[in-house]
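Okay, so subunit A shows up in both of these, paired with subunit B first and subunit C after.
Take a look at the complex of A and B:
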């Protein structure tokens, strides 16, 4: 009789989804992803698209923060670099198919990730977090000042998604593109984490000195983590730029960095499934707050929903971060894990 | 040139009070408090309301908000930081980011977004100092920040509470072995940080206005704390002053080249350079880890 959920042989360990219940959830997710655009309205699909963009970016941050233990407060800078690279490349070469542009955006962002990794050679923990903060402010300053390329504070328009002359526009056209990239990103990350690289990252996260003593090249793997995380963020920024069609520095404020941190924490640091849940939660939250504010206003007419909503949003984001950190450090994934273990063990408690 | 230097010192003295807030918490609890900027906001808004709505005299209002700030910091430590003891330092850092979001949102809900002029606390006009005419606000900012620093340095050197706080900063385990209540020291550190935040906020608001973006200035004081060394009280003073002067010089000499805005970013360039060259600052204690 089983007394818990353990991986006891290599076959089990190699499986991406070893449990029946996990495969069941996956199947439901696949079906939902296929029928979603058929049954939802435009607005919900719009939110879904934003969620998919957020998932890609959050995977990048989770690789960096959740798997390698390097906190980045400058994730918005990576998103901005990806977004602006897209704006520039697609602006000058409109005939280029979009997958190429997205790859270029990811690659350029990776290179800047290399720069952001330089302080990580000497610094760690809190001091490294501060250096990423400085990196963020410097990048945003450069973007603001490089007016001929980026449009400065005025922002820049991005042409529609171009696929060999076929123009993809609107929520319904973007959905399959976003979905494909999310699936690709998840599969890539999931497999990357099972390789030597992934194990090295986790070793660095758990104790860098011990990892180094075991022969993990700290510089190389930290740099790799920064470039990979930046690549994902760059792709997310690129998708965002394509989807919204217009970007300005207002789209990449420090708040955006905080939002991505919130996604990773709410979802669960160091879990990919959690990242998906966290990104969905944080992206959908403003919508729910809007509805809540509308409801409050109908109850209590003195309540100014329109002015209060932005603050309520920040309040709930902050509360989500604080409460999850205190009560459920493993995030939504932690909740799922308890439920999963309960179901796997049923009818026994443990 | 001298004028630039003076206003740099005046702004810098405010930065150093704000930087002191970071240092007071980091010294004892080893937490980077990202919510320090919003603690500054709380003190500012409180004294603003006490002066304009309740009609209290400014010094009394400042005193009340300092006490209120102290209580707030104390309560935050007890409620939110206490459960995090033993968690990874980065989780605590992220918690303070969440905390700053909460505080700012509550302030926005209560007071709204629009900026308001801070009631004048100091006589207008300027004062003649070393042959330079400098505004009264600047003068009082310099004097009171020096006062705050002298008080804190004396407190850490002379009072038994201050000495036990330094003991905790040096080694928590040994400190608790000789009977120092580490948890009380932690709570006091947060209280003091919020208290000096209120002082810095009032001066900041007197020079600018009361608005929700004042916490960005506290962010710019971060480099000062890093430059001076995150656990050095004297370092915060020098670091803050240095940042103030560098910002003003950048405003004068770099802005014409780039078309403005250099003031907002130069502090972070300095911080990045400081982190790369001397990560623990000029006077900070180096952290050494052993296997």
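Take a look at the complex of A and C:
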């Protein structure tokens, strides 16, 4: 048991960041977020933007999987619904301010989350995962077939971010938008988790029958988890569509679902800070692998970097998931927690 | 949720802190829970065979019996986890059979489980806080934006949780994940979680099983305090008669899914069938 610090007033632990060390990290993050676009090149900023989109989507999956214990293989379907809703709404009403479009995308996606939640009334674990997989394929099938709306396999263009006539284009313009939504998404999720809804979700995750005996309506709170998770994914899909400017079913393959699961596992199931780290890690990984492959090729010319990269990518993704599951089930956040506790206690060991 | 006919009208008033406990618990001796001719079958097994019993307000009512007697099944029927094929369970005149466990908990029935059923990933405070679920009306959006009335409501309910933590003497453990606690303390947290429901009837399934003597004594003291200070009715399932003899007011003895004896502790152990059941099942004489 730890004895390094005590909170006298219980209201203090209602604070979001009760520890000094946490506030310090937060302050560093704020400063970094502000100066980042000033010091990085466009490519790194592009990766950062993709990371921010991934963070929003991964928060959604973590709420569902890490906090409510409902495994979902269908996250890419929610992203797709958000993306296509954006393409359609912004396509027909280009003068609509983008925050409105993003909200519509989130709302539409969360309604489809209602459908995905229904199997969870009866199924758990692997069977539930399979039902979300079925959901994914049904959604993608509909998107492919609804050609007049979605462009089918050809995909669809999305107009620039429109803010009352002001058009936001390119990496630098997107950065503040993405950042604002990430911060908002994190704060709202954190608040949810420290109030009634979040407690009910965690209770369902840990022991559903006991949760029910404590007055938690399982159907209602599982449904809320699906709709909230879908909302986040819808917003992420919307941001993605706006940012890339063009979407097709290729952007929402099953691999995308797996990547999001990897983000949640690598970052740490049931931690928001971990989600940020996991999303960054998984988004940056292909870039690192590219560099590694290039380096290997320079050492050993017979090595075909371009053909090897896709395989290396899969290998490293798999490795990252397996290694974290085995050695640090709490993910990157678990690593941070050990470090934080060490620093809080320092120089005492206990 | 307001319009739900299942929730008693005074339920929203239960939102205040501890004193509201007394509002409907003061009529000592009144029957507050009654089971009539419950029959529950699992395939070929008859777990409950026409079981009837009732609990009075302000008493500790023990249910004892050998392994597989149907004690837990009875409790699970009452709290809605199992659905009996026949019979009814009445709380203030209303039949509970067929209601979902979350509705039943709102009627004032709090329970603990035979095997530990705490929320492993949560702290002591959070675990007990889950028991306040039905008392908090602010929903998802109020929570997400964390503003105004919803926050005050949450803090008010936390005050209640803190009171329970104090009552159970686990203040120093409030932020510890429950998985790190000893078995005895985990059982105590489970009791706290059930108390957070502000129940009129507390259903405890073997609360002292597997504990050492000191832990057993602590738990017995808390159960007595719950009865005396809060005026609750306690249904206490126990395997062994010893502790039951000390703290319970009335005992129902079960064997093979049937009630084979009922009465005050001292009388019950005189009943020949009870003696036979205990000697037969365990080779030991009841204390």
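Keep this in mind: the second predicted complex is superposed on the first by the 342 of 350 C-alpha atoms of A that agree within 3 Å, B and C clash if a C-alpha of one lies under 4 Å from a C-alpha of the other, contacts with A are read in each partner's own complex, and residues count from 1 in each chain.
Operating definition for what follows: a contact is a pair of C-beta atoms (placed from the backbone, for glycine too) under 8 Å apart; a residue touches a chain by one contact, two chains touch by 3 or more.
Since the structure is predicted, the reported quantities are computational estimates derived from the model, not experimental observations.
Superposition of the two structures on subunit A leaves subunit B and subunit C fitting side by side, clash-free. Touch criterion met: A:261 reaches subunit B, while subunit C stays clear of it. Ranked by how many residues of subunit A each touches, subunit B and subunit C are led by B. Look at A:129: by the touch rule set out above, it reaches subunit B but stays clear of subunit C. Once the two complexes are overlaid on the shared chain, A:196 sits against subunit C while remaining clear of subunit B. Of the two partner chains placed by superposition, only subunit B is touched by A:71; subunit C is not. Applying the stated contact rule after C-alpha superposition, one finds that A:210 touches each of subunit B and subunit C. With both structures placed on the common chain, the touch criterion links A:176 to neither subunit B nor subunit C.
By the touch criterion defined above, A:94 lies against neither subunit B nor subunit C after alignment on the C-alpha atoms of chain A. Within the superposed three-chain model, A:218 lies in touch with subunit C and out of touch with subunit B [touch as defined at top]. The vertex angle at subunit A, taken between the C-alpha centres of subunit B and subunit C once both structures are aligned on chain A, is 80 degrees to the nearest 10. After superposing the two complexes on chain A, the closest approach between C-alpha atoms of subunit B and subunit C comes to 7 Å.
Subunit A uses residues 209-210, 213 to touch subunit B in one structure and subunit C in the other.
Those residues of subunit C that touch subunit A in the complex are listed here as 79-81, 100-102, 105-106, 111, 113, 117-122, 125-126, 129-131, 133-134, 136, 138-140, 142-146, 150, 154-155, 158, 162, 173-176, 180, 193, 196-197.
Those residues of subunit A that touch subunit B in the complex are listed here as 65, 69, 71, 118-119, 122-123, 125-127, 129-131, 133-135, 137-138, 141, 144-145, 209-210, 213, 258, 261-262, 265, 307-308, 310-315, 317-322, 325-326, 329.
Every residue of subunit B that touches subunit A in the complex is listed here, in rising order: 32, 80, 83-84, 87-91, 93-95, 97-106, 108-109, 112-113, 222-223, 226, 258-259, 261, 264-265, 268-269, 271-272, 275-276, 279, 289, 291.
If you check the complex, the residues on subunit A that touch subunit C are 1, 7, 10-11, 13-14, 188-189, 191-192, 194-200, 202-203, 205-207, 209-218, 224, 228, 270.
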